[in-house]
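There are two complexes below, and they share subunit A, which is joined by subunit B in the first and by subunit C in the second.
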Partner chain A sequence: MKHRPTAFLFLILCIALTTGCWDREELSDRVFDLAASTDLNKDGTYLTAGQFIIPSRIEQSSKGGTGGEKPYFIETGSGKSPLEAIQKARQKLSRIITRSHRRNYYIGEDLAKHGIKDMLDAFSRDPGNRIRMDIWVVKGNTGLEALQVPYPLEKVPAVASLKIHKAVGGTSGTSYLDFMIASSTEGSCPTLPVVDIVQGDSSQRTIRFYGRAIFNHDYKLAGYLNFVEGAYRQWILKRISYLDVEENIPEAGGSVGVIVTNFGSKLKSRISSENKVKMEIELSGVGHVSENNTNLDLRGQKNLKLVQNTINKKTSEHVLEMVTKVQKQYGADVLGFNEALNRQHPREWNKIKGQWDTIFQDIKVTVNVKVNLKSVGLVGPPLQFKEGDINK
Partner chain B sequence: MSTTQNTSSNGNLPDEALHDPVSKSLEKNELILRNSFKSCYDIVFRRIQIFGQINALLVYLDGLVDTKALDNLLLKPWMLETPRPGLGELNAVDLMLEQQLVSIAKTKTVETIGDIVQSILSSNVVILSDGLSHAVIAELKGFEQRAVEEPANETTIRGPREGFTENINVNTSLVRRKIQSTKLKMESMTVGNLSKTTIVIAYIEGIAIDSIVEEVRKRISRIQIDTVLGGNFIEEFIEDHPFTLFPQVQNTERPDIVASCLAERKVAIFIDGTPFVLIVPCTLWNAFQSADDYYERFIYATIIRWLRMLLIITSLFLPSIYVAITTFHPQLMPTNFLLSITSAREGVPFPAVIEAFMMEFLFEGLREAGIRLPRPTGSAVSIVGALVIGQAAVQAGIVSAPMVIVVSLTGIASLIVPRYSMGVAFRMLRFPMLLFSGMFGLYGVTMASLFLLIHLTNLESFGVPYLSPIAPLSRTELKDVLIRAPRWNMHTIPLSGSTQNHLRVPKGQKPGGNQGDEA
Partner chain C sequence: MKISGYQLFWLIFTMEFGMTATYSLSSAAFVAKQDAWISIIVATLICLFTTFVAVRLSLLYPEQTFIQYSQSILGKWLGKIILVPYFLMWVSVTGIILREYADYVIAALFSSTPLWIVILIMLGAIVYVTYSGGLRSISRCSEIIGPISVLSAILVILLSAKDWNWLRLLPVYSNSGLLPIVKGGLSPASFLAESFMVVMLIAFMTKPERALVSSLAGVAAASFAVLAMTLFIIMVLGPNLPAKFIYPMYSVVTYISVMEFIQNVDVLTVLIWIIGIFIKASLYFFITSYGTAQLFHIKKWKHTVWWIAPVVFVISLLPRNTNETMNFVKFWRDVIFPVNLVGIPLLLWIIGSIRKKYMLK
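Presenting the complex of A and B:
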């Protein structure tokens, strides 16, 4: 009895030391893939690839010394299912694949068209996978190709697409989660961000942020929205932090470019007795004039109002074009109309949600963009103009 | 200063002789004393005749007595001068010796041989005279001692510069000068069969908690030991929990700390021969309080206190968290950080936890060597240590560079604890922490922290819980724990509990328009 606490402690120590539950894994026994890809082979099997970092070369490349040697390598494997493909890749790797830092996953266009249903489960089931991940569709190319494109600014090129997306005003690390949320929400269709591979200025090819890919309910690629269309869509969803808008001002014979920030959006829905839905989209933002190719002196209230109204009107038209394209061409609700209706008219929504796909195509949409020009920059009229040429 | 002499067996004298009264015969007394101090070369027996009439004997230990004062104050007037008129009959020596002839501030009379011997040993001059059945003790201490200097271990920027010395009388006087009140009580005791060390228990009557004072008295009086050579000799006997790394008795070299602790209801224990004064009770939060906190402006003191706490936590957890994250949870690192760490760890032969143990072990070794080695060699050790460990080991690929950074950060952080003995606890605890993190990752660190927390809540110091006033929580006392409240806001004394409500700083003294108004 006297030694009871001691014996207790000893037994606990035995649990720790003898049960073998030491899941310690040294960094030098792990291989980190910062990006991976899956493609569909011609014969219907999956080809999966990973961009694995080579730790010993990272220091060299950061010292900028030897150069030439890339701090990463790409290994592939193919099989009937994604897991089998990974298994084939593992046969070539001396270390354990650790996916916890993988933030980019590329999907080839062929696979996206074929449907990505089969591979989604593996993402959510594996605890080593991070949920803040971006899945990219590679427009007109394969995912493996996207991995192979070098990118000069980043040590490991896979990081590039993520950072580009962030730099142009998008969100990063949410596309996988958004995809899953949209898939499981009644009425809405999932989307993924898109990159494509283009010829850069130099001889190198480079990766480019393209826009947004729209999937249908079977997780098959329905079509693309380009960069500006994608940005409008993000604006409607308030998922954007930066956008350049350039519009022609016919009254002044030139164009004015505006940087928009502080985005806001409001959806107002109305539903009639015949299940006709009307949607009013109100987009707001704060504009900063960054380019003025007209002879207008923007310090004048009248000129500023003119520019503001023209930009708002034209942008409204462009947004409406995009919405119509989504409605008529793709027939997939990726604009959050279903949620707006659900919130604003919950009773009616419950009645019509079964036929949402057909109703969505016939929604009468009006778009009203209200960008408020808050600053005109350092100068009023362009400085190179003579006093007489300026329209005050 | 009240005295409770603790007489026990002594030297060459048979026990029964100790209680013998002083004989009226000078020769007999001298014989007994010479017998007691046989083979003691430093004993001096000086036979004199006071005013050529009274036979007297001065006994003292050479080197412990201020002989210059002895010459001037006793020997010269007795031997070279004539008695003052009005001195009366020289036969009534006993009264006269004490009241009129010994012109020394501190005297007393003793009546047994044992007391005489003890007085001689504690560097007094004993005056025996023919026909006198007691001896007069004159305190003429004059041994070599260190001056009051700035304490090396607890320096402040704006606080007082004086520190305790090895002399208990100097030490108690330093505190008395700071608390000039009759309420400051100092009880003296003697501990140690051989060393006969004087121990003084100091407290402020009416402020100190009676039960603690009584407990201190009780615990000290039951100590049976041969010699007491330092504070720890007492500390180990009176602490509540011997098997813990955390000290439950605070020690300090600074009189101002003792004074402030006394005012905060604590009890101080002075021990002769050491500049360290023990203070009880003591809580964990002492580890974060430095003397300068009270001499600097309160906002700065609070910020610095937080810095200290952060660094102490760092010193306890940093190596274990590094090991846990790199070997169990690499997903917790930012990607770019991971890239740097993996490239630095590439090719390092040992697992991270072994590496951490090696380096921490080496650091402790270097630290210890730095303290123990003679001063001139100390710097050589640090240079070799820095070069060998910091530079060569990394270049040779035996140790990874991040580990060196982690260990040196930990090392610096662990030395920031203002109370050295508290710092030891945190420095040692990071080894078990490391073991747990190497086995279970962050689970292990959490488990070990919980064990530590449970252990800390179990501790108490003289009845005061070790984590108070945080656990158990006492709101009014929090003003000097996580923050250092401004002086005008510290209204009550810490440790007040619910028993009495001591007001320390009356309300309404906050600077500004309403200063002086009753709040």
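Presenting the complex of A and C:
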């Protein structure tokens, strides 16, 4: 027990050394960026920009006062590499950049076409970054432009694209990691979500979730899938939670709209001895009718079957069109076919994986959508029809 | 200084889980891809065997530590010579563990704190726990904080559940093969085989007959926890990425986001890691101090603490960068693991058993 005084001294020393920061980096010395962007300048250098929060104005706007002042500002820098560009931006910042809250990263279309190989590494190497984040391609515009577009619903506009993506049934925060997993997998091509900037009905421009960008093996932009095509692709990968499907029913002279949830997907591959691959895509889901512009009374089992079969048949055709477009136009496997084949025919896969890019284009695909209509909503036939017009 | 079987279990579990899960998974995934979890099972089997050998060896002389019975088995001089690699291993590994700890903490938390401060604080805690009560204090610590690391591990796994993709585990076997799977198992095995240190601990047990069950259960539980971590890392990161991360467990936990609300829980992995480091480094430190005292017949073993602490501190500062620390991990796997943790114990056990039988006759 005679060591007690020494022990106490030691403990006090521990408190002094371990509980504080070694070098003072208080909140007032940090600046948080919620979104950043990189573009390609005309001279081949990189232009990066960040959307930084102004803490004092965030407080103001939450108190209800509009103030008219934005709670963020944008700072840019140019350089030979993304890091050098950030360094240039830091020359204008009085605080240290903290990235752990960054959720969105925008890439201009020019840079995406040029290739984004040089800028991917830092996202996972620097421990200040989170690997849970979304990288967006800005279609037909620059990343800086995407940062500058104001968005009325969110305090900081950068949050908008992520929230839109989630609200329309997509995923959030996974696109960087998905990109890396796809790039490192034999045969797969990576993808990123896409936004574009549109002129709304009001005078203001706004940001819009566009779809999906397909990259080739050199990390260069190969092309786009629009919103619906992108959703079909996500359905095949079981990465979607909500989708509206509207199809025309020619027998009933109108269209029926369905909300699909509970998505399922099965890929069945077959490979012949001449390395001819066949892929059967089976997509399932639960549908709820949300719009009925026909004269059908959907309470009748026959009518519901008709609607269901027509929707399934037409959606199957549309999905197949998307798959064919990916195969023939882009020639990039972003549909997980390689993984399905690897899982289901591992031995054959080991033989053909080197030539997958050519084999992929000639895969014979069949699509079978099986949406099961579970409910017809609150009314049977549309209310406005007279008794005699309704097809029971 | 007496410990119970229950305490031995927690000692082994705590010191094995944290470091194996943080350090060995990257190299396991490097060769075995999505079959790294099979590698972990292979490693478990290897280490259950080495632990079995170590315990049976100690139970030949349940009252003595490794220092004493190696001399009983091989004779005075040969017994002492064979201890040399062990002392080198114990001193160096304590220093390297401290350095690995500091590298990790600096990477994950404090980027500009000087290295030696981080090391010195941990070393202070280790010296304190060893000096104040020796093995008894360390085992009590592990009894209390070991379950905390289990809880953190369970929490991490539950929070990540929605990011699991079972398909990423497929296809089993065909993308790697037998040789890569076994090769991938070597790195985790070299960590799990550190349960060899029971040879110094069994002499302190109140009931040595419980040593076998406790040690094997400790190794099995730690392996199971590592297996769960491996599965979860592959299910989130896929087959190719885990090998590229230096600390895959840490990086994958930064990815967790539950309902956009529970985020940045990477501190949990730091907790698991620090708990594991503390118990493991303390145990090695105690073993080195106590062993030195026994070897040189120093009456008060605690006095050796003041000689060994500076040596350990200097060793921890020797590696010039993180890659050199990693080289020690490779050296451990390729040289120390087969020689010190498998070869010599097996040899001693065989010679000891024959000798005992012969003596009885």
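Assume the second predicted complex is superposed on the first by the 372 of 392 C-alpha atoms of A that agree within 3 Å, B and C clash if a C-alpha of one lies under 4 Å from a C-alpha of the other, contacts with A are read in each partner's own complex, and residues count from 1 in each chain.
Here is the rule we go by: a contact is a pair of C-beta atoms (placed from the backbone, for glycine too) under 8 Å apart; a residue touches a chain by one contact, two chains touch by 3 or more.
Small disclaimer: the values here were computed from a predicted structure and weren't measured.
> Would you sort A:D218 into first (subunit B), second (subunit C), both or neither based on which partner it touches?
A:D218: touches no partner chain.
> Using the superposition on chain A described above, determine whether A:V159 touches subunit B (first), subunit C (second), both, or neither.
Touch status of A:V159: first partner only.
> Would you check which partner chain A:S28 touches, where first means subunit B only, second means subunit C only, and both and neither mean what they say?
So A:S28 only meets subunit B here.
> According to the stated criteria, A:E339 is in contact with first (subunit B), second (subunit C), both, or neither; which is it?
After superposition on chain A, A:E339 lies in contact with subunit C alone.
> Give one of first, second, both or neither to describe whether A:A7 is in contact with subunit B, with subunit C, with both, or with none.
A:A7 sits against subunit C, while subunit B stays out of touch.
> Tell me the contact category for A:E387 with respect to subunit B and subunit C: first, second, both or neither.
Neither partner.
> Is A:T98 contacted by the first partner subunit B, the second partner subunit C, both or neither?
After superposition on chain A, A:T98 lies in contact with subunit B alone.
> Examine A:I58 and indicate which partner it touches, taking first as subunit B and second as subunit C; both and neither are also allowed.
After superposing on A, A:I58 lies in contact with subunit B but is clear of subunit C.
> Would you sort A:T185 into first (subunit B), second (subunit C), both or neither based on which partner it touches?
In the superposition, A:T185 contacts subunit C only.
> Of the residues on subunit A, which ones does subunit B touch that subunit C also touches?
On subunit A, the residues that contact subunit B in one structure and subunit C in the other are 17, 22-23, 100, 130.
> Which residues, counting only subunit A, touch subunit C once they are in their complex?
Subunit A residues touching subunit C: 3, 7, 10, 14, 17-18, 22-23, 100, 124, 127, 130-132, 172-174, 177, 180-181, 184-185, 339, 342-343, 346-347, 349-350.
> Residue numbers of subunit C touching subunit A in their complex, please.
107-108, 110-114, 117, 121, 124-125, 128, 131-132, 163, 167, 170-171, 173-175, 236-241, 244-245, 251, 254-257, 260, 263-264
> Enumerate the contact residues on subunit B facing subunit A in the complex.
It is residues 326-328, 330-331, 335, 338-348, 351-353, 438-441 of subunit B that touch subunit A.
> Note which residues of subunit A are touching subunit B in the complex, please.
16-17, 22-28, 30, 32, 34, 53, 55-59, 98, 100-101, 103, 128, 130, 155-156, 159
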